[in-house]
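As C-alpha cells, here come the structures.
After this come two complexes, each holding subunit A, first together with subunit B and then together with subunit C.
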Partner chain A sequence: MIGKSITSRKILLLAPLLLFLGLAYVVPFLGVVRWSFTMPEVGLGQYRALMTDPLVQSVFIRTLRICLIVTAAVLVTAYAIAYVWVRGSSVQRMLAEFCILVPFWISVLTRAFGWLAMLSNRGLINTWLQSAGIISEPLALARNELGVIIGMTHFLIPFAVFPIASAMRSIDERVLLAARGMGASRTRIFWTVFVPLTYGGLIGAGLIVFVFALGFFVTPAILGGGRSVMVAELVYLRIFQSPDWGLGAAISVVLVLFIGALLALMRRFIKPAHLIG
Partner chain B sequence: MSSSRPGPVILIVATAVALFLLMPLIAVIPVSFTPARFLSMPSGTLSLRHYQALIDNPAWGQSILLSLRIGILSSAIATALATMFGLGIWMFQPRFSALLIGFVLLPLVVPPVVSAMTLYFLMTTLSSFNSWIGYDTWLGVALAHAVMITPFAVVLILVALYQVDRRIDLAARGLGANLATRAFRIIIPNIKFGIATAALLSFVLSWEEIGVTLFITSVNAITLPRLMWMGLRDNIDPAIAAISVLLIVITAVILAFRIFIDRRRTTDPL
Partner chain C sequence: MPQSMQPGDAKAAEIKAVSIGKTFGAFHALKNLSLDIGRGEFLTLLGPSGSGKTTFLMILAGFTAPTTGRLMMDGKDITDVPAEDRSYGMVFQGYALFPHLTVEQNIAFPLKVRGHSSADVKRKVAEIVERVGLTGHEKKLPAKLSGGQQQRVALARALVFEPSVLLLDEPFSALDKNLREMMQQEVKRLHQETGTTFVFVTHDQSEALALSSRVAIFNHGELLQVGKPQDVYERPSNRFVAEFLGEINLLPLDTVELNGETAAGKFEDRTIVLNKSITLAGKKAVAAVRPEHMFISASPQTSDCNAITCRVEGATYFGASTKYHLRTRSGTSLAVSMPTASTSPIAPQSDVWVSWPVHQGFLLPDGG
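== the complex of A and B ==
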C-alpha cells in the first residue's frame, strides 16, 4: 500500500515534464523524420540527394571547416580568460567575470549586430583605419566567412569558459606547490602540470562548442550575408525560400545522428552541471 | 599561492580576450547616435533620432510587450515543470535517473535548427486543430519557448538540489513529515535561490530566443528579437543599435551589481 502510493507520487512529480517533452518534442521530431522519407515522394530520395548534391556537400564541408576553426579559437581564448577568472587577484577575477557574463547574457542578435557595427564597411574599424589614412578602400571583414568565424568565436567563448574554469577550480593546490618545491619554473608548471590537469575540461568544452557551432544559425546568417551558408541556414532556406521540406528534414535527421554519435563517443567527458557553471 | 597567480603573458592574452568580448557591445554605442539612416559611425553631429524612432514606431512597444508576456508564461511553465522533475529525481532517486535527465536535456544538445524544424512541425500540426495555440500565435511561441528553455531550468535546479544536505530531509522524514511537507517546507525553501535563478534565466532565454521563433512566426507574433531580425537582414536599421544599447546597459548594470554583491559577501570574512 505504501509502496504503491510512493510510486504514484513519484510518477506525479516526474511525469509532467516527461510527458510535456514527449508530446511537444519527441513526437514532432518523429514527424520530421517522416517528412524526410515522404516529401516530396516516398523513398530515400532526399538522402540520396544529400550524398550527391554538390551544393549540399560544399555546405557540409564549409560547416565542418568553420566549426573546427571556431572550436580551436574558442578553446585558446577561453582558456586564457578562464585562468584569470579562476586564479587572478580579486579585482582581476571581478573584471574577468564581468567580461565573460555580460556577453553571455546578451542576445545573439545584439552581439551579431555589434559585430556588424565593428566590421562592416562603414563600421568602427574601417572608419578608423580610413580616417587614419591607413587604407583607402574598406576591408571586407563582414558578410563573409571571416565575419562568421569572428562572430561565432565571440558567441561561444563563455560556453567554453564554464567547463574549463570548473576543471581549473578542482585542481589540487598541493600538486602545484610540489612542482614548485622541486624547482620547476612557472612556465614549466603551467605547461607540464597545470594544463594536463585540465584536459578533461578542455575536451568537454571543445565538444560543447563544436556541437553548438554545428547547429548555428543566427550569427552565420547575419555575418555571412548569404555568402557563406552553413548547414543550419541551408535548412532554413530549404523550408522558407525554396520549399523543399524533405531535404530540410533529411539534413536535420543527419545532424541529429551525427551529434548523437559524437556525444556517445565522448560521453564520459560531459557533465550537465558544467554546461551552465 | 603566488606561484599560481597569472603571469604577464597570460594576463596580456586574457586582456585581449576581454577586449574582444566587450568590443562589439561597445561598438553599437556610437552607431546608435548616428544621424544617418544607415549603419555608420557618426561624423561630427550626434542624433537621438533612432531612440526617438523606438518611441514613435508602435511596433517596438508592441513587440516588447509580447516578448514580456511570452517570457513570463514560458518561464513559469519551464520552472514549474523543472522543479517538479528535480524534486522527483532528488527525493526518489529512481532507477535510470541518468537516462531520464539525459532525455530531458535533449532540446539543449540537439542543434537549434533541428529543434526549430521540430517545433515548426508541431505548430503547423496544432494549427490544423485550433486557432489558439499553433503557428504564428503568442501561445504557440510560449509553448515552443517552454520546450527550449526547460533543460536549462532543470540543470540549474538539479545543481541547487545536489547542494542540499540529505540529512535534513531524513530528519524531517524521521519526525514523521509527509511528502508534501518535506517538499514544500524542507526542500523547496532550501533551493529557493536555485528556483529563482532558473526562472530568471528561463525568462531571459525566452526574451532573446530567435532561432525557433523565426521558424514558427510570420506576421502576428512578432517578438522583439523577431522584429530586430527583420531590421538586420537586408538594409540595417540603426534603430537596432538604439534598442541594443538599451538592452546592453540594462544587462551590464544588473550583472555588475550582482558580481559586486557576490564578491562582497565572499570576501568579507577575510
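== the complex of A and C ==
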C-alpha cells in the first residue's frame, strides 16, 4: 500500500535521531539504573538511603523551592516581554526580539559568570551602590540561593516567551474590541479576557521552565558557590567527588521519573505544538 | 459607572454622519460620506467587498477615528468619544464571543462592566436567554454551540444592556440559507421589540431589502444612494445600484426626449416611454427594467405598456418562477422572469413580444 510505504519512509527520516537518542540517552540511562540497584551491593539499599538521608532530602526540597520561585519569576517576566513582542509598536517589537534572541547566542557559562560579575560582593551592583553611599556593606546577591534564582530566571525567560507569545497571537482581536465596545476598561479587559485566553500558553511555559530548571547544573554551581546545591549538582558531587555511584545513580533515576510524570501531566493539558509557538 | 438606560428612557439614538472621510495611507476607504440614521430605524449598509462598510461601522462604534468629518448623536458631537463610552451594542462578523466564558457569562459581561447588582444581572440574563431561544444552553462554552446558537449569544450579549444603537457586521454570512432566513426574522422581531436603532452590514442584497427600513448602498468608499428598499430597487439613481440590487435588463436608447414626468426614447424602431427618475447629463441613456416586471405574449400589449419583439433562446426553471432568455433583433440579450404557474411553456426559437408597464421602466445614464 502506498500510504503504508510513505509512513515507513517517514520513519526512516526520523531514524538518525532515534538512533542518537537511543545510543546517547537510553542505553547510558539503563546503565545508570543498573548502578542504582547494584552499587555498592545488589538491592534497594540506595533508594532506602535516599529516603532517609537528610542531606539528600534537603537538596530535593531546595531544588523544588528554587524551581518554583524561578518558574514564577520567569512567567511574570516572560509574560511582559511576550506582551510587548506581540502587541507593541514596531520599535518595541524589535527591542523585545533582541531581548529574546541575544541570550541564545551566549553560552550558559558566559552568562553565569556575567551574573557573577554583576552580583558578587565586589561586583558591579555592590560597587555602584556602595560608591553612591546607598549601602555600607555589600548585599549578598551571589553565592547563595538568590544568585541562583536570578541566573536561572534570566536563562529560562526566552523558553517561556515562545509558548506565551503563541497563545497571545491566537487571540482574536475582535474579542478584545467586543469587550471594549461593551464599555470595559483596558485593565478589566486585560485581566478578565486577555489573561484567561493565554492560560494554555502559561501552563505550557510553566511546565517547560519547571522541568528544565530541575536539571540545572552550571548556573547553580557557579552562582550558588557550593552553598546552594541543587539535585543535578548533588549527582555530580556523589559520582565525581565522593565515589558514591550508587546513590548518585538512584538520585538520577528519581529525578528522571519525576520529570517523566510531569511531562505526562503536561501532555494531558496541552498539545506539544502549542509549546513551540 | 453610568447605569444603563432605565426603563422609560428613550432607548434609540439618532446619528448624523457629516462628511466622513477615512484614509489608510494614500488609500481612500471612505470619501466624504454624509448619512442620517433615524431614531429606531433599521438601516442596512449594502455594498460589495471592500466598499468600506466595516470601516464605516467601526467609525460609528468608535473603534476607528475618521480622518475627516464629524459624527453627531442626538445633536451632540461624539467624534472624539471612545468606543467604551459610546457603548453601542455590536455583533461582529464571526461573533467574537469570549471563548473562555459560558453562554451565561458572555451575556452577563456587559452588565457586570456596568456594575449591575448580581440579582439584576441574573434576571436580565435569564430574560434575554429566553427571548433569543437559548434556554438549556446557559452553561455551555461557545465552542460547544452551533453557528446559529453562537449567533444568538452574540445578539443577546449585544442587546442585554439595552444599548441605544446596535451595530451588526455581516452577522449571518457564515450561516446556511435556512438558518439565515430564520435569524433574519428573529433580528427583525428583536428590532421591533426593542425599538433600538439598528445599523446592519451585509453584502447580500436580498437580505438588505428584506430587513431594512432604509438601505444605504456603498461602492468604492462612496455612498451611492440611500432610500427605502422599494425606492432603491425600483428607482435606483445609477447603474451600479440598479445592477447590484438584482438582475436588470438594459436597453440602449437612441434619442431621448424628456417631457415632464416621463421620458421617451427609441429602441430599435419602437418608442419606449419611461419614468424620469433622474436628471440626465448627456443625451446617452438606457432603459432599465427588472426581469420580473416584463412579460411575454404573442401580441404586443398596448395599454400603458412598452413592447418590443424578441426571439426566445432558452429557459431556466427555478420552481416558483421560470426565467426566459431572449434576444432582441439588434442583438441585445434580455431576461424575463415569470411565475411558472401562470404561464404555459414557451417554445425556444419562437418570436414573441416582450412588454412591460410604463411605470416599471426607468431611465439610467449610459455607462457609470
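Keep this in mind: the second predicted complex is superposed on the first by the 250 of 277 C-alpha atoms of A that agree within 3 Å, B and C clash if a C-alpha of one lies under 4 Å from a C-alpha of the other, contacts with A are read in each partner's own complex, and residues count from 1 in each chain.
We take it that a contact is a pair of C-beta atoms (placed from the backbone, for glycine too) under 8 Å apart; a residue touches a chain by one contact, two chains touch by 3 or more.
Note that this is a predicted model, so its numbers are computed, not measured.
With both complexes superposed, B is the one of subunit B and subunit C in contact with more subunit A residues. Once the two complexes are laid over each other on the shared chain, residue contacts for A:L257 go to neither subunit B nor subunit C. When the two structures are aligned on the shared chain, A:L68 is found in touch with neither subunit B nor subunit C. In the superposed pair of complexes, A:A140 makes contact with neither subunit B nor subunit C. Within the superposed three-chain model, A:I81 lies in touch with subunit B and out of touch with subunit C [touch as defined at top]. Of the two partner chains, subunit B is the only one touched by A:K10; subunit C is not.
Contact with subunit C, but none with subunit B, is seen for A:P196 once the two complexes are overlaid on the shared chain. Once the two complexes are overlaid on the shared chain, A:L101 sits against subunit B while remaining clear of subunit C. Within the superposed three-chain model, A:R174 lies in touch with subunit C and out of touch with subunit B [touch as defined at top]. When the two complexes are overlaid on their common chain A, residue A:G183 makes contact with subunit C while staying clear of subunit B. In the superposition on chain A, the residues of subunit A contacted by subunit B and by subunit C overlap at 177, 180. Interface residues of subunit A, counted against subunit C in their complex, comprise 172, 174-175, 177-185, 188, 192-193, 196-197, 199. The part of subunit B that touches subunit A in the complex is made up of residues 1, 3-7, 10-11, 13-14, 17-18, 20-28, 30-31, 38-41, 81-82, 84-85, 87-89, 91-92, 94, 100-101, 103-122, 125, 143-144, 146-147, 150, 152, 154-156, 158-159, 162, 179, 201, 204, 207-208, 210-211, 214-215, 225, 228-229, 232-233, 236, 240-241, 244, 247-248, 251-252, 255-256, 259-260, 263, 267. Within the complex, the subunit C residues that touch subunit A are 61-63, 83-90, 92-94, 96-100, 109-110, 113-114, 157, 161.
Residue ranges of subunit A in contact with subunit B, taken from their complex: 6, 9-10, 13-14, 16-18, 20-21, 24-29, 31-32, 35, 77-78, 80-81, 83-84, 87-90, 92-103, 105-118, 120, 122-124, 127, 154, 157, 173, 176-177, 180, 186-187, 189-190, 194, 211, 214-218, 221-222, 231-232, 235-236, 239, 248-249, 252, 255-256, 259, 263, 272-273, 275-276.
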